[in-house]
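This report refers to the structure that appears directly beneath it.
First chain written, first letter: the chains are A, B and C, and each begins at residue 1.
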Amino acid sequence: MIKEVTDAQEAEARIGRLRLLEALLFASAEPLDEETLAGRVGPEVGLLLEELRAHYAPRGVNLVRTGGGWAFRTAVDLAPELRREEEVSRKLSRAAIETLAIIAYHQPVTRGEIESIRGVATSKGTLDLLMEHGWIRPGKRRETPGRPLTWITTDHFLDHFGLESLRDLPSVDDLRAAGLLDSRPVLLGLGTAGDDGGLAATGEDGDEES
Amino acid sequence: MAELLAELTADTAADPAVSPSEQLLLVLDGFEGPLDMLLALGRDQKVDLTRISILELADQYLAFVAEARKVRLELAADYLVMAAWLAYLKSRLLLPEPEGEEPSGEDMAAALAFQLQRLEAMKGVAAKLFARPRLGVDVHPRGAPEDLDLRRKSVYEVTLFDLLRAYGQQRARKEAGVLHIAPVRLYSMEEAVQRLTALLGHMPDWATLASFLPGGEGGGLLTRSALAAHFAATLELAKAGRVELRQEGAFAPLYVRGRQAGDTPADPSDS
Amino acid sequence: MIKEVTDAQEAEARIGRLRLLEALLFASAEPLDEETLAGRVGPEVGLLLEELRAHYAPRGVNLVRTGGGWAFRTAVDLAPELRREEEVSRKLSRAAIETLAIIAYHQPVTRGEIESIRGVATSKGTLDLLMEHGWIRPGKRRETPGRPLTWITTDHFLDHFGLESLRDLPSVDDLRAAGLLDSRPVLLGLGTAGDDGGLAATGEDGDEES
């Protein structure tokens, strides 16, 4: 993995790039994508990142990959000693937790589909709360009648839950194999009082002036 | 059902001061809608959800709704729709399958089982997701980031959430500026039409008008206005050809049934 | 300097303390003093800090002592390459965010229309600021008396907010459904409850007003 270095000068330049990469990643609280990093340390950024990752793997701070970006994070196994109580106490409602899971596993998913999966209408304060946490955002409109808005998860969602990509969602392959990631509405049209079709059709684009 | 009730109201059941309706309310509070309740009932069967007895489940659910109605508990329409659907499903499962293009009882049972499994799966992964080490709770970013501003294309920090919230608040202010006259607490016919339409869509069989009324402690004027509004609404819907009505005689219970598209008009002797 | 470690178990415990120390210093927003750190990793904190400092000395990130506390900082010699942008990020004023939102939703829209929607005069600086940042640009003139200039959003606007097209902006009803537009009438009675399912909404997620 580590490129053969023959020349002492080149070795020094390489160490310089490694140090710069380390400093860039350390300075930022948010993940940085490879493109941005390549702009600063050159095209061999992939190799340098792997080298850094390996160096930090056994340490108290690790280099992790999340949603296409890289960031330093404290090691997972130190969690019990670093847990911040005040964060833990901010508990989310069951509705919010389930809704987030449905968006994560079924995305892009419309509100109507979320409601049909949960069997109840989505209360106000659920989607906006998840969005305020930076976990979800509106995706493209679905090209079906009424053009309902879809919801998707963000890169910050991956970062927050320590996931490299959506493929790493717990049990995602099992659920897909079992056919449970099908968001089609089933015979029972439950909880879809405000189904997307009707809603999106009214007041489209919200450009009406009252 | 009894098991579930006992389990969920263990704290209050012993307290004679808690009325049955309060107990039921407590049970209801524990659920995120009828599907969630069915799932809890299903788990009580202590078998794999794929081998669950849908008939047994329907019986347990209907027993719960009957109990709730006995203590005149206001059940959300969702719960009544589910009860109606399960009663229908039960009849389809017990009676010989009629000829026709409607989905068979088996199909309906399978669809319900699928919904329960899917919801169960989502609850499972939600728990797994939140059991993961979380950023800012278990795992931490650099506490003192040095603002290098590598990626920011704009010096202003505004997110889509900020933008949407600003617009929402602006609209809300504007809407709040309109004077709203407090409506009298009466049931309107429009509302009854809406409610009946929602309920009937899922109710392919005859049911008494009384069973559609919102129960509850509103009492007096509100209850009477609900009856009047629903009665007027059935007439309106019948006129529009969306429901059929049946009454055995004067002052006998009035039966309502949703009219499916393509149905032949009801037998005149029924009306 | 490094304490002689004879026992394997003790060596492991020592590495554990070193890792915790590393993570604590990394995650802290403020420099941490030795007393605080000793409370977490034990009395030999001085030795551990020296060990960490030596480890990081040649790297892109250094452990430095600052004002009685310890903190990680990017290496001083890298400063030229880590130079901060001239302008630090600032919060956009509420008026500017609202104006931008109104242009996004109502475009093409004239200044007069923006003012009538917001109910207050728009300062010239607001539109200038939004234009300077490349979020809005003048559109066609409105063919009405006075031929006022209209304003529209740019591609950069879409880019900044991660939208593929203007069609993907949530509609007013989407905002309402997501809980971002909450305009409950002051006096709520049965007659007006129709907007989100009326009685059908009773007891959904427990967010209903009584």
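Odds and ends about this structure:
By definition in this document, a contact is a pair of C-beta atoms (placed from the backbone, for glycine too) under 8 Å apart; a residue touches a chain by one contact, two chains touch by 3 or more.
This structure is a prediction, so every number in the text was calculated from the model and none was measured.
Ranked by how close its mean Cα position lies to the mean of all protein Cα atoms, the top chain is A.
For chain C, the chain with the farthest CA centroid is B. Annotation: 37 Å between the Cα-based centres of chain B and chain C.
In whole angstrom, the spacing between the mean C-alpha positions of chain A and chain B is 31.
Our note on geometry: chain A versus chain C, Cα centroid distance of 15 Å, whole angstroms. Taken residue by residue, chain B touches two or more other chains at 32-33, 77-78, 140-142, 146-148, 159-160, 164-165, 171, 174-175, 198, whereas all remaining positions touch fewer. Shared contact sites, meaning residues of chain A that touch two or more other chains, fall at 24, 26-27, 40, 72, 74-75, 82, 95, 120-121, 128, 131, 137-138, 191, 193, 206. Chain A contributes residues 18-24, 26-27, 40, 59-61, 72, 74-75, 78, 81-82, 93, 95, 111, 120-129, 131, 137-141, 147, 149, 191, 193-194, 199-200, 202-207, 209 to its touches with chain C in the complex. Every residue of chain B that touches chain A in the complex is listed here, in rising order: 32-36, 77-78, 81-82, 85, 103, 107-108, 111-112, 114-115, 117-119, 121-126, 128-130, 132-142, 145-148, 150-151, 159-161, 164-165, 171, 174-175, 198, 201-202.
Those residues of chain A lying in contact with chain B across their complex are 24, 26-30, 32-33, 36, 40, 71-76, 79, 82-84, 87-88, 92, 94-95, 97-98, 100-102, 104-105, 117-121, 128, 131-132, 134, 137-138, 159-163, 169-172, 175, 178, 180, 182, 186-191, 193, 206, 210.
Across the complex, chain C is touched by residues 28-29, 32-33, 74, 76-78, 140-144, 146-149, 152-160, 162-176, 180-188, 190-191, 194-195, 198, 214, 222 of chain B. Residues 18-24, 26-27, 40, 59-61, 72, 74-75, 78, 81-82, 105-106, 117, 162, 164, 167-180, 182, 196-197, 200-201, 204-207 of chain C are the ones touching chain A in the complex.
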